[in-house]
Amino acid sequence: MVGGAVGLAGAAGAANALRGEPARAAAGATRKVTIYAEALPGGLFGYGLEPGKATVPGPVLEMWEGDTLEITLVNTTNQRLSIHPHGVDYSTESDGSPFNDSFNKPGETRTYTWRSREMFAAEGRRFMPGSAGYWHYHDHAMGTDHGTGGVAKGLYGALIVRRRGDILPEKQFTVVFNDMMINNKMAPNTPMFEANLGQRVEWLAIGHGGTFHTFHLHAHRWADNRTGMLEGPADPSLVIDNKDLNPGSSFGFQVLAGEGVGPGAWMYHCHVQFHSDGGMAGIFLVRNADGSMPPGAEEAIHRFQGHVHSAQHG
Amino acid sequence: MVGGAVGLAGAAGAANALRGEPARAAAGATRKVTIYAEALPGGLFGYGLEPGKATVPGPVLEMWEGDTLEITLVNTTNQRLSIHPHGVDYSTESDGSPFNDSFNKPGETRTYTWRSREMFAAEGRRFMPGSAGYWHYHDHAMGTDHGTGGVAKGLYGALIVRRRGDILPEKQFTVVFNDMMINNKMAPNTPMFEANLGQRVEWLAIGHGGTFHTFHLHAHRWADNRTGMLEGPADPSLVIDNKDLNPGSSFGFQVLAGEGVGPGAWMYHCHVQFHSDGGMAGIFLVRNADGSMPPGAEEAIHRFQGHVHSAQHG
Amino acid sequence: MVGGAVGLAGAAGAANALRGEPARAAAGATRKVTIYAEALPGGLFGYGLEPGKATVPGPVLEMWEGDTLEITLVNTTNQRLSIHPHGVDYSTESDGSPFNDSFNKPGETRTYTWRSREMFAAEGRRFMPGSAGYWHYHDHAMGTDHGTGGVAKGLYGALIVRRRGDILPEKQFTVVFNDMMINNKMAPNTPMFEANLGQRVEWLAIGHGGTFHTFHLHAHRWADNRTGMLEGPADPSLVIDNKDLNPGSSFGFQVLAGEGVGPGAWMYHCHVQFHSDGGMAGIFLVRNADGSMPPGAEEAIHRFQGHVHSAQHG
């Protein structure tokens, strides 16, 4: 998976982190995490959970609906930057925007507090929505007052707020469509995500930059609702395998790797034709249940890596 | 709020207009309204409920599902124009398109009839949808047969069809992303919307023109369904705080101002980075419950107004 | 309707094809169909169910959830091409991508197998989604490894997977927004779809190419869910009449032609202003119940056909 998860040293996975602690016990809990914003090779910047461990995208951050996350952001760079979340609650001090004087000066350390809450009754039978969702976080201060420089250079990551009873995945993949790149890379250097046949895999899709995209995953589909699964036969949600992924938006879903289609090398890509031709494509490698390579997969990967994208023709 | 509401002199609010009349009594009612299309300074055009009172956007028009709206459109300009609604029922005579010979010549007065209906049974357990929704209206005749000139210059507004039992807001804000502008303005001249902490505020978002956008509101979120609220714990709707807002589309939702986050100056903006940098941003000022200014808000507003947008650098 | 349907000689309609066979009996059935990929005049390419009968878009393909479709694709052209479906299950051999060595060489015949399945229980009360939906198929091999050449030239069509109990339409219209064209045509040569007042008409909307669009249909609306109809009063789905239609995405819905608005010539168009002005518009002709022309329709059609689009001004 991409990035480590809150409260874990290393990258054993955010899901396991939550699985580790009974949901009930976690209700209304406050967790503290230190995040390091660092300069990376190639002019990139990243967030990380330990010094020298910054990644693009940053670590997957997770909360149970009702939890609070207290983030101490250490700015190890010589530029102003911040961390701005989507979906959760925060006061203006934690807005992450220069507009609210909420950012880290070069070298500065600053704490941001993100709260979450469960749905609560409105008038009639309706409820005001809680925080549960597949969200994301990003810089809002580097380069411009909207963080255009920081977002372009890799200061972004996934934030998940889970509702009690949500199913936890075995693996997580973060896919960020950022202008004409995926996780600031182009094919054939885009991430190859791997899982074994039947594993429950969670995809975290985030859009950034100034370009519009559509995310398509071959041979898998999901419900266009909060969890990506149907709440039962009466759930009217659309089922899709291609979805708009535009600046500032995010969505997530879980699939059983290769379920109904078998193992193999499957493509994920932007479905805008000249974007996929130009390098916005990657591989979802579904291995056999025992982790061995399925027939044809090696050849497909080789083809992909050898593959000259039209944009590179000239 | 932006614009007055049907049946109200002044701007006391469309919601109150409906609150004034019991829903039952309103069932199937026909309301007549006269709308004046006028030229405005700066080459703009607007719709208004009284002569000389045209605004950009035009007034918020509202109906109970089942109602009919009979609109007498007075064209005070020297150009052909019309009024074309989304979501409601109308015959070809009220289409508002030159294609159906349905428009006002310069100086002409013409009546357009918009009807609405409740859902009705189809085969099986399904229902054909009724008219309830957050819709909009716009010119369909100025400049081109699709009203490109009128829409570009400000001939647009929000239309709401409410279902019996819907919760009425205390305030309404109309936000139109129209090419690279908000309500045909750019920061720092974009509208500053104001509410007191805890007030129920309704946002009406409309997309126009030829550019694609994503609407983001800081520190607030809504359900991506008809009302923006959940119908209960089993409602599978996505909860979002960033949504595509593209030409001809509209959506609406209600939030409790500052709920869970407190008062302050919050930003709303297009999340396409170069659009927000270029001036597609504005302020949602949440005052204290007593209407006084919360700490830091003045400074934020001053920063925003002094703020040089990158697009203006060169 | 556009194109013939699986298992029918001619174009009597896919819906009737399904109506012909009891749903139960169809459960888990395997149907074999031969599709011919052919070069067409004007540099276009199409799929067809009989030699010399290729169309743009290709035939509407339909399955009951649980069925399997075994497609023998005959490539009568001198270029490599394939057929890649959305929404259904297939192994890497039937992926339709050069990446998986799954395509037809010039003149080659190859079989692709598409399976579908019903939703199945996950943990808790949730279900992994089945295949039911308004999907589509397209080339994934001509011109580039993503089929950019084939898609641009007409190798695309609609694929519907129906759930037991779904309502079958009387007519079907396939509308493909492909760059700046509709079904690779521009106004006034875009398709005129015809129905009689009250007929149940199914719209199949597909997006392709490299441009973003919004589909708008005058005087009709639908629920933004799997069927376009509400599952009952508690269904929270948005009701819309304008929807993003972007590369690789598809949706479908049923309307009762002219219901609540009467017969006449209604426009459907991309709501991006310069796209509709440029020719992305067409006519939905709703005739009287007896099939005769309603007043004003002839004039509207004449206006549309005589109509000079701004893009053609030069």
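Note that the chains are named A, B and C in the order they appear, and that numbering of residues resets to 1 at the start of each chain.
Methods note: a contact is a pair of C-beta atoms (placed from the backbone, for glycine too) under 8 Å apart; a residue touches a chain by one contact, two chains touch by 3 or more.
Bear in mind the structure is a predicted one, so any value in this text is a computation, not a measurement.
Taking all residue numbers at the chain A to chain B contact, is the shared part over half or under half, that is, same or different?
Copies use mostly different positions to touch.
Quick one: superpose chain B on chain C by CA and send over the rotation angle as a multiple of 5°.
120
What whole-number Å value describes the gap between the mean CA coordinates of chain A and chain B?
Measuring from centre to centre gives 32 Å for this pair.
Two-or-more-chain contact residues of chain A, please, as numbers and ranges.
Touching at least two other chains: 212, 223, 227, 230-231, 235, 237, 244.
Inside the complex, what are the residues of chain A that reach chain C?
Against chain C, chain A makes touches at 165, 167, 212, 214, 216, 218-219, 221-223, 227-244, 256, 259-262, 264-267, 269, 271-277, 281, 296, 299-300, 303-304, 307, 310.
Using the touch definition up top, name the residues of chain A that touch chain B in the complex.
Against chain B, chain A makes touches at 86-87, 89-92, 95, 97-101, 115, 117, 119, 122-133, 144-148, 151-152, 207-210, 212, 223-227, 230-231, 235, 237, 244, 246-251.
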